[in-house]
Amino acid sequence: MGYGSYLIRRLLYTIPIIFGISVLIFILTRVIPGDPVKLALGPDATPDMIAQARRIWNLDKPLYMQYIAFIVGFFTGDWGISLRTYNNVLADLARFAPATYELTAVAVSFSALVGILTGIVAATHKDKWQDHISRILSIGGVSMPLFWSGIMLQLLIASYFKLLPIGGRIGDGVTPPVHVTGFYLLDSLFSGNWIAFWSCAQHIILPAFVLSFPSLANINRLVRSAMIDQRSKDYVILQEANGMPRRLIVYKYMLKNSLASAITMIALMFAYSLGGVALVEAVFFWPGMGNYLVQAIHFKDFNAIMSVVVLVGIIIVAANFLVDLLYGYLDPRIRYGEER
Amino acid sequence: MVQRSLQLRRYMTASFFRLAGIPIRGTIKKSLRGISVLEGPQKYRLEGWKRATSRFRRNPLSTTGLVIVIGLVLMGLLADYIAPYPMDAKGRVDFINKLLPPSLEHPFGTDEAGRDVLSRIMFGARIDISSAVTVQLLVTFVGVVLGMVAGYVGGKTNVIIMRTADVFITIPPLVLALAATTAFTPDITTAILAVTIAWWPWYARLVQSVVLSVKEEQFIEASRAIGKSPLSIVFGDIFPNIVSVVTVKFTLDIGFVILFMASLSFLGLGVQPPTPAWGTMISEGKSYLPERWWMSAFPGIFILLAVIGFSLLGDGLRDAFDVQLEE
Amino acid sequence: MNTSNLLTIRDLTIDFTTYDGTARVVDDLDLYVDRGEIVSLVGESGCGKTVTAKAVLGILPMPPGKIAEGEILFRGQDLLKTKDKDLQVLRGKEFGFVPQDPMTFLNPIFTIETQMFDMYTFRGSPDVDPLQYLRSFRDSRRRADTVQRALDMLRRVNIPDPDRVLRSYPVELSGGMRQRVLIAMALMSRPSFMIADEPATALDVSIGEQINEVLETRVREEGISVLYITHDLGVARRLSDRIYVMYAGHIVETASTQELFKGPKHPYTLGLLKSVPKIYGEISRGIEGVIPDYYNPPPGCRFHPRCPHAMPVCRRERPALREIRAGHRVACYLYSEEKKNE
Amino acid sequence: MLRVLDLKKYFPMTGGLLKRKIGEVKAVDGVSFDVMKSDTLALVGESGSGKTTVGKMLVRILKPTSGSIFFANEDIAKHEGDSLKNYRRMAQMVFQDPTSSLNPRRKILDIVIDPLNVHKIGLKSERYEMVTRMMDRVELPRDFLYRYPHSLSGGQKQRVGIARAVIMNPALVVLDEPTASLDVSVQANIVSLLKEIQKEYGLTYVFISHNLSLVRNIADWVTVMYLGRAMEMAPTEQLFTKPMHPYTIALLSVVPTVSEEEEKLLPERVRLEGEIPSSVRIPKGCRFASRCPKAHERCSSDEPPLVDLGGHFVRCHQIEEGA
């Protein structure tokens, strides 16, 4: 089986997953609660209001029709009206989603880069001080609640030392850059708006750093253990027995093998960070999708909830597909061996 | 995705600490793979419980974990007797003494209603640990049943169960749990259910993959050859091989479920104030930052302790049962 | 035994420390390999033969292993006292290693070409800096030469389509093919000494036979000395010039192949020979009992609990290797008059 | 007592985008043989020959795709449910890997007593007695009953496997390379134990092996298999003195020997070129043609039949023509 048909199969595989996600979230937010309208409008709503709302939101139709309407709407850009902001959900997300992506992207890139590098250092200096330090830091990284470590860093660095701003995405009084991608860092960079860029950069450091903790720790440890695992692999032992230079074995052979698993971990951590971002946004007043989702949940704003979750699901499925692509490239066993 | 995740299984099921490769003093821990010298009778000199306890005790960190866990559990159980101000967790308010910094009288300070933070943390242990254990019991039950059915029956059943698990796994657990709270009013039961919904697929997957690898073993064929019924193969041959794996995973994860539940509480979708839970307390304290740092700082330390304690204990059990979660 | 031998092992003692205590898995082992010789080290599983090979190659995992005593002399140079870097250079230039299980000894995510190329270009060089590494790609002439050499080697181990094999990943090759590739890799930089660790055991009979044959032809033709590790007396008989028989960490008997099969002396060797099923339909009951516990080895001769001729002295003292005829040495009190009569 | 007729086992192979069935692995492709009571039939072959698959079908761990297995004049190939369970009392198997064939989480006692419990043989109180007698028979100390398999050596584990198979006093025991993972000296122990037990209980053995010298010592009849088919079938004595099929001759010629007398008994060395073809794409004509030193044109177009030369069966064009 070639690379091409492997990729097509992976691509086809994503369809039932996305379908499954939409069904799951539909069940969670529309079917189980019984009547979302009553929940949304609260106990004081009159029967008239409820009936009217039902008509507007298609809730008077059978469930499967509602589901079809939701799916069709989702793919035609009609994501419904938010019960909280009374805006079109799509318009809301166009405002909030880029902020979240920017934060997550910075955090995950940072953790991937630093995690892989420190993982290699820890593995090559096993049980030396470099290893001990990276071990202690990464144990802290996974065991600390994100929101707590966020608060503590905020206290220390923003409030006490006043090195960085406490929260928000851009300084008060700084005009946000012209909206192109929605990523403030990129937009300000392209438009040459250095003041905005500087302010955005300062604002993103702390939340991105905090958000990267668990991913950084996980990637670091995975790379380390994969590298150490490689050391006891027969093919590495053979190369050692045959007198190959250590550096070549470590940085070419062992590293490529370890990276294959690290890539999977990075995708996993990307997904994990899209969850954790809700906590970080709450701590750092970051105007993103996570905050939007939490607010939506408090208001039982089911249109918004469904859209956000399906959107997040699609992004993760896409990220996973990318990883499959890379993984198939890195590890020929996936391409050749799968059917044997 | 499935295939890659299987490769990550080892990572998912080993505790983070074990992967962190904490060296074990006094013993040499290194794979003996490739050295056939110490096979068979040479490899094991003690049996049963003796062997388990000796392996557990060999690693001082396991004992540390056990001590932390026992400490936290006792703290929760005996909160009524050892807490300096037990009524502070049960609705008493004292606005005269509100927002006091840590002192001898209130080692961890007081909150906005003048309640003693230490006492509330002690009662919080009770709620946090018991709800995490509840989640774990639910998750284990669902995961073991579905995983065993999927793994043993195989075929279409397996595909359906595992694909469903994949769908759940694709959505980030926190997002899924958040979405699941929509269906109900936010309280502790909701939070427990929500976390269970987000958490079960990992167990189903773990159990399924253990069943699959046990199924490959020749002793299953041997049992079929002597005419055992499928049911007695499942319960007599496969199940005993799952118990220890699941026990270890159960313990390892309690700390992370505590952390997870605290995250929900922090976002206002878990335990509701004034009930004392660690996540809720951090959330409440957040409004009084940066001046009243003690309200948020101390509960967080206990979450950290719980995660570390349960993970170390799980690792110890892993050694004791000689569980090979990897591969 | 003299130091002009290619490889001389003296008093090698290896301990393993694990959860359960310390096990002495190789005890006081003496062995030598002369130039151009094929020497077999024969023993059953757990006798310490592979550990010995790993110690010579410097790939013994330490810990849990530990070389408690002894020296391993290669051309008179003690490998145990040589610095890691020099050892690596020496291994690259002089040693070859053919492993037991062809399935796990090739890196699954690199092509055979990459692996052979790097092995040929860089083995034995003390270090490689990134620049030098990149330059090796640019030098197209040298690259073509190396590929030529690789193709040539593959052809010499009887691979019918070396071009395809060179471009393949290990998963695309069968076990026999991989083992050939491994032999080609070991031979590529013209080593003077080779360790073959049961290279045919994991393969089918007819395929394993091909492998042994190819290995023997190549080695004889190029005058390489070989330490051939095996559990199969028949294979050792076919391939080797001299044989060491090992039991529970000790060498119990050594002789030239002819001599050993004509007049085996040690009760263990005799038992082993009788246990091998014969083509004319004869098989003994084998050797009763199990190999001793290494953590608590029996005092005296380690074989005495299973030995049909055990004498009181065997329980007290460990017999040393003693020459009973030129080149035939046995560690057994049956062949030492004064002890026998004690 | 046991008659196997045209036994086949095909495993479906899936692949491609939608996991459709794209082919079949023809593991066993038409094998027939008879085994007399208290005899030993050996199935010999390299990997991919289908010998283990035949063994598993004989004890019905696998269901044959087609063909029949007559046991006491009854075709058990399609039995299910109770009649199958009844058959299991009479046909047992000893597995290749002694480690994997014993459940690591169960004590030896539980493992050995299992068959008695399943088939409700004897009273509960008698079962323990039977187990201890069995332990004595396979020469294991009784206190091993309370140990777990991991504390036993390979040979001891295999003895437990034999005890489990023989305790119900079956008529047929399939031995699937019972000594392949053991050392030579232990192998000799186990083989002589198996021979003793056979004599004592009047068992019929189907002995699966790749080791010709071993087979010589235990079997009455030998079937040489290659890629799912029998290539040669003969009484042991005859097969070893007058092998006919080029494959048998080649296999025999490379048997490792430890003495000169032995060497003289072997045919002249024949080197087999090439690899064993995959059982997915079985070559046309004679299956062995691609590696046969004597192959000619006809061999790669027509498949030769199994010819009977007075109780010695051979599947080869040359023999057929010569006969």
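Per-chain residue numbering starts at 1, and chain names A, B, C and D are given in the order in which the chains are listed.
The working rule: contacts are C-beta pairs under 8 Å (C-beta built on N, C-alpha and C of every residue); 3 or more make two chains touch, one makes a residue touch a chain.
On a predicted model such as this, the values are computed, not experimentally measured, just so you know.
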*Can you tell me how the remaining chains group up by touch if chain C is left out?*
one piece
*What is the touch distance from chain A to chain B, in steps?*
1
_Chain occupying the middle, per Cα centroid_ = B
*Where are there more C-beta contacts: A-C or C-D?*
C-D
_CA centroid of chain A to CA centroid of chain D, Å_ = 55
_Chain centre separation in whole Å, for chain C relative to chain A (CA means)_ = 52
*Please work out the Cα centroid separation of chain C and chain D, and write it as a whole number of Å.*
32
*Can you check how far apart chain B and chain D are, centre to centre, with Cα atoms defining each centre and the answer in Å?*
48
*Give me the residues of chain D that touch two or more other chains.*
153, 156
_Of all residues in chain C, the ones touching two or more other chains_ = 45, 61, 290
*Any chance you could list the residues of chain A touching two or more other chains?*
232, 234, 237
_Complex interface listing, chain D residues touching chain B_ = 56, 59-61, 84-85, 88-89, 92-93, 95-97, 100-106, 114-115, 118-119, 147-148, 150-154, 156, 161, 164, 168
*Touching residues (chain side chain A, partner chain C) in the complex*: 232-248, 252-253, 256-257, 260, 330-333, 336-337, 340
*Spell out the residues on chain B that touch chain D in their complex, using ranges where they run on.*
39-41, 43-44, 47, 217-219, 221-228, 232, 237, 240-241
*Parts of chain C lying in touch with chain D, wherever the complex brings them together*: 44-45, 160, 174, 176-177, 204-207, 209-210, 213, 231-235, 237-238, 261, 271-288, 290-291
*Where on chain A is chain B touching in the complex?*
10, 13, 16-17, 20-21, 24-25, 28-29, 32-33, 126-127, 131, 135, 138-140, 142-149, 151-152, 154-155, 159-160, 217-218, 221-222, 224-225, 228, 232, 234, 237, 261, 264-265, 268, 271-276, 278-279, 282-283, 293-294, 297-298, 300, 302, 305, 308-309, 312-313, 316-317, 320, 323-324, 327, 334, 338
